[in-house]
C-alpha cells in the first residue's frame, strides 16, 4: 500500500480495495517504526483515524473526491485547528493552533487525512533541517546526511514512504532543495497561487506553499486542492485554478528549454552537471529544443535574498513576545526583561542571527544601502527571467549545487549553508513557479534533482513537462534502501 | 525678549467604519475586553491583513474636503516597536507615501481668517489598550481597539498661539463630523491630539527645538498644555538653558507636562513597505465616487446661510457648527415657513440654552424640528405671543407634546377678540382710579403699568398689539 | 563593513533578545561574515532601478466593510500564558 502514489491510492480507495482507515493505519505504523528519521514533530493517530473514518463515509456515499481518504503529512508551519503547531521552534512549543490555515482547510474539505505535522527548520530558516528545536531529520537515502530544508521532515517522510504526499513551503528553495536531496518531486507555485493565510510567515514576499510528492502527477493532484484565491490573503491572486491533471499528458514537442549559462558554472558538482545534461538529453528525445539563456544577475540573488528575507522575518517574528500565546520565559524582572528572555530562550541561534541581520538592514542609516539596494536588485533579477522567457518556455538547471551533505558539515558556517540555495532563491525573488524532479544519483547513491522554472502562473506547463519526463525515466520510482 | 510660539498638531481620528482596518472584527466602543479581537487583531501566527475599502473611502473624503491632492498610489509600511498593546510588534501605517498629500484649512481667530496648512493625512491602525489597574502588579491588555482604522492628520507648524491651535482643532473636529468619518468623541479617544510646540525670538526665521506633547484629549487641555509648555520653554531659555527635543506627557490633574523620552533614546522604527499589503491604488473612478458623497462643507454652508437667510456671522456659525444643527435649522425653515431670523433666534437662544443646561446636543433634543416648526407656526399666526411661546417651548422640552397640544391643553391660545380685551381693560381701569388720574394728568410712563396689568389679568394671553391700541384709546381723557 | 559588539548589542536590544558578552562576540563575527556576502550587491550599479517590494505588483484588493468575525476570546485565551478578566496579563507597563 505504502509504495503506491497518490494517484494509485485514490483509484484504489475509489474501488474500495481498502479503506482510508486501513491506509492511514499503515502509514501511522510506518511513522512509528521509522521514528529514528525524526520526520514528524507531532502525530495524533486518534485524530488522523477519525478523519480517515469520516473520509470512508464520504467514499461509501459516493461523495469522495480525488483526495478523499488520502493521508497527507503537513509541514508544521501550517496552523491546523487543535493541532500543536510549532514551526520547528521552542517559542511555539506549546502552541495549539486555534484555527486552520487556508491550505489545511482546503485539504480538509477535499477529504485528505492529516497524518501529522512534519519537522522543519525553525521558522523555515535553514537548508538542512538542522535548525529545528525538535532535532535534525535524517535523510532516508543515507541517515548520516541531511534531507535538506526547510521542509526536511516532509521530504524525509515521503521519501521513506511514511506518507504518500506532504505539504511544504518554499521561501528560498525549501520545497525544491529537500525534494532534490531526497529524490522527490516538489513544486513551489507562483507567488500568489496558494494562500499564505495560516502559513506561519518567514518572509512574506517570498513564502509560498506547495506539495512534495513522489511524482509530478501527484503534485498536480495536490495542487488542484491547494491552489486558489483566498480573500484572507491580500497577496493571493484571483485567477481560476485549472485542473492540473488534465494537461499532464500533453506532448512537449517543440518545447523551448532555456539553459541559463550561469547555472552551469563553477561551484556546480560535476556529477550533478552530468546528470542534468543527461536529463536535458531525454527532453531532446521527447522533441524539445534546447537553447542557452542568460540570467546575469543570478549570482547576486543570494546576497539580495539574505537582506530581504531576514528583514521581513525580523518584523514577522516580533509577534512572538510571550504575551498572548506560545512560550514565555519563567523568570523575568519586568516587561523588557520578559520580552528579551522569552525571545532569547525561545528562538534558536540561526533564527536570532537572521533577526539581527534583518534588524540591521532596516535600521536607521542602513536602509538604503541594504534594503533598498536589495529591492532594486530584486527587480533586475526578475527582469532577467522576463527576458529569458521571451525566447523559451521553461528554464532548466540543477536544483542544488550538491547532493545531501553530512549532518553537521555546514552548521558552523552559515555562509556556506546559504550558498546551498544559489539556484533556487532567484525563482522566489522573481515570484515564479519552480519544480524539482529526481534525475539521477551521484556516486554515493544520493539523489540529484533537476529544476524546472516556469513563467508566472504556468504551473500546468511545469507539471506537464515533468510528467512527460517521468514517463520515460524511472528515477522517481526508486525507494531508499530499507524502506521498501 | 519677545518670544513667538510655533505649533503644529498631529490629530488621530478614528474612522467610523463598522469593521477594523485590516480584519472583519467589530469596532464598537465599550465591548467586554478582547471580545472584538479576532485572530488577526491578536496577531496569531500565520494571519494576514486585508484592508477595509470604507477606510480608504473616508480618507479620500477628508482629502477632498481640505482641497488636498489624493495620492493614487499610497503604500502601507510597518513601524516596528515592541509594546504589549501592539500585538504584531509593528503598526501598519503609511510612511513615505500617504493617501492624502498637502491640503489646508481656514480658521477664524478673533474675527480674522488664517490658512493652516495640512502636510499630509495617512491611514494607520490603532493599538489596543493597557489597563493599569493593579492585577497583582501586572498590566491587563485589551485588544478590542487594536486594528481600528485611524486617519492621522498632520498640520504644518503654522499656528502661533494656543488660541489658534484650539481654533484649528475645533475646525478639524467640525469637519470630520460633517464628513461623517469620525464621531469626534474625545472622551472615548476617537479624536486625539498631539502637539509639537516650540518658541523662538520674534523675527527669527529658524524654528526652535520642539517638544511633542502627548495625551491631550480635550480642547481645554490643548490650550492649557500648550500654554504651560510655552511658559516652560521660555523660562528655560531665558534662564540660559536649552530645550531638548523630547516627548512630553500632559498631566491634566497637575496642569503640567513631564518628560517621557528624549530623542537620544528615540526609537528606531525600521519602517519598510508591508510585504503583506500591495500598494493601495485608487483610480479616478474611486475618487469620483467619493466626491459624490461629499456633503456641503461647513464654510460653504456658513456663507450660504449668511447670504440666503440674511443671518449675521454669529448666528450662521452657531447654526452650522454641526451638520445636525444646520439640518435642524433648515428643516424648521422648510416646515414652518417662519422668518429665517426668528427661527435662527429660537434655535441659537432658547434651544441652545436648554441644550447647554441639560448637556445635550441637537440630535438628542426632545424638541424635534417638527415640534419647533409647530411652535413657530403658532407664533406667526398670532395664536400665541412670544412670551407664551417660551412657556410652550419649555412644555415641549418636558415632553408634553407639540405646540398645538400644549396650547390646547394649557389653554394658552392668544386672545385677539377686541371686545374681550376691552372687557379686561375696563376692569383694570376700574381697579386703578388713582393711576388713571395720574396718567391723565400727564404721567405717561404709567402706560406700561396698565399694559402689564392687562396682560397679567389675561394670563399673558391678550394680543400685546391689540392691548396697546385699545388701551391708548381707553386711557384718553 | 563589519559589525562590532556594540552594534550587535544595539540590534539585539531593538529585536528584544538578551545576549551574553560571549554571544555578542560570536554574533559580531558571524554577522560580519554574512555582511561580506551581502555586500556583494554593490557589484551592480542599481541607480535609477525602481525597488521591487512584491513579486505581484498589482494594487491592493479592498475588503467590504462588514463584521464577520465572531467572538472567540475563550478559544484564543485558552492558549495564553496569563489572563484575567478577559485581559492578557503582562508585567507592569510603565509610561
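For clarity, chains are labelled A, B and C in written order, and residue numbers in each chain start from 1.
We take it that a residue touches a chain if its C-beta (ideal position, glycine included) is under 8 Å from a C-beta of that chain, and two chains touch if they have at least 3 such contacts.
The structure presented is a predicted model; accordingly, all values stated were derived computationally and were not measured.
Taking the mean of C-alpha positions as each chain's centre, the chain lying farthest from the centre of chain A is B. The chain closest to the protein's centre is C, with centres computed as averages of CA atoms. Centre-to-centre, using mean CA coordinates, chain A is 57 Å away from chain B.
Distance between chain centres (mean CA atoms), chain A to chain C: 23 Å.
Averaged Cα coordinates give chain B a centre that lies 41 Å from the centre of chain C. For chain C, the set of residues touching two or more other chains reads 14, 16, 53-54, 56, 60-61, 63, 72, 76, 82, 88, 90-93. Chain contacts: chain B has residues 39, 42, 44, 50-51, 82, 84, 139, 141, 268, 270, 275, 277-278 touching two or more partner chains. Those residues of chain A in touch with two or more other chains are numbered 95, 98, 205, 231, 234-235, 314, 318, 321, 323-325, 335, 339, 359, 363.
Within the complex formed with chain A, the chain C residues making contact are 3, 7-8, 11-19, 27, 30-31, 33-44, 46, 49-56, 60-61, 63, 72, 75-76, 78-82, 88, 90-94.
By the touch criterion given at the top, residues 94-96, 98, 190-192, 205-206, 231, 234-235, 237-238, 297, 299-300, 302-304, 306-307, 314, 318, 321-326, 328, 332, 334-341, 343-344, 347, 352-353, 355-357, 359-361, 363, 370, 372-380, 382, 414-415, 418, 429-432 of chain A touch chain C in their complex.
Across the complex, chain C meets chain B through its residues 14, 16, 53-54, 56-69, 71-73, 76-77, 82, 84-93, 95.
Listing the residues of chain B that touch chain C in their complex gives 17-19, 23-26, 32-40, 42, 44, 50-56, 73, 75-76, 82-84, 130-132, 135, 137-143, 249, 260, 268, 270, 273, 275, 277-281. By the touch criterion given at the top, residues 78-79, 85, 87, 92, 95, 97-99, 101, 196-201, 203-205, 231-235, 311-312, 314-315, 317-321, 323-325, 335, 339, 359, 362-364, 367, 371 of chain A touch chain B in their complex.
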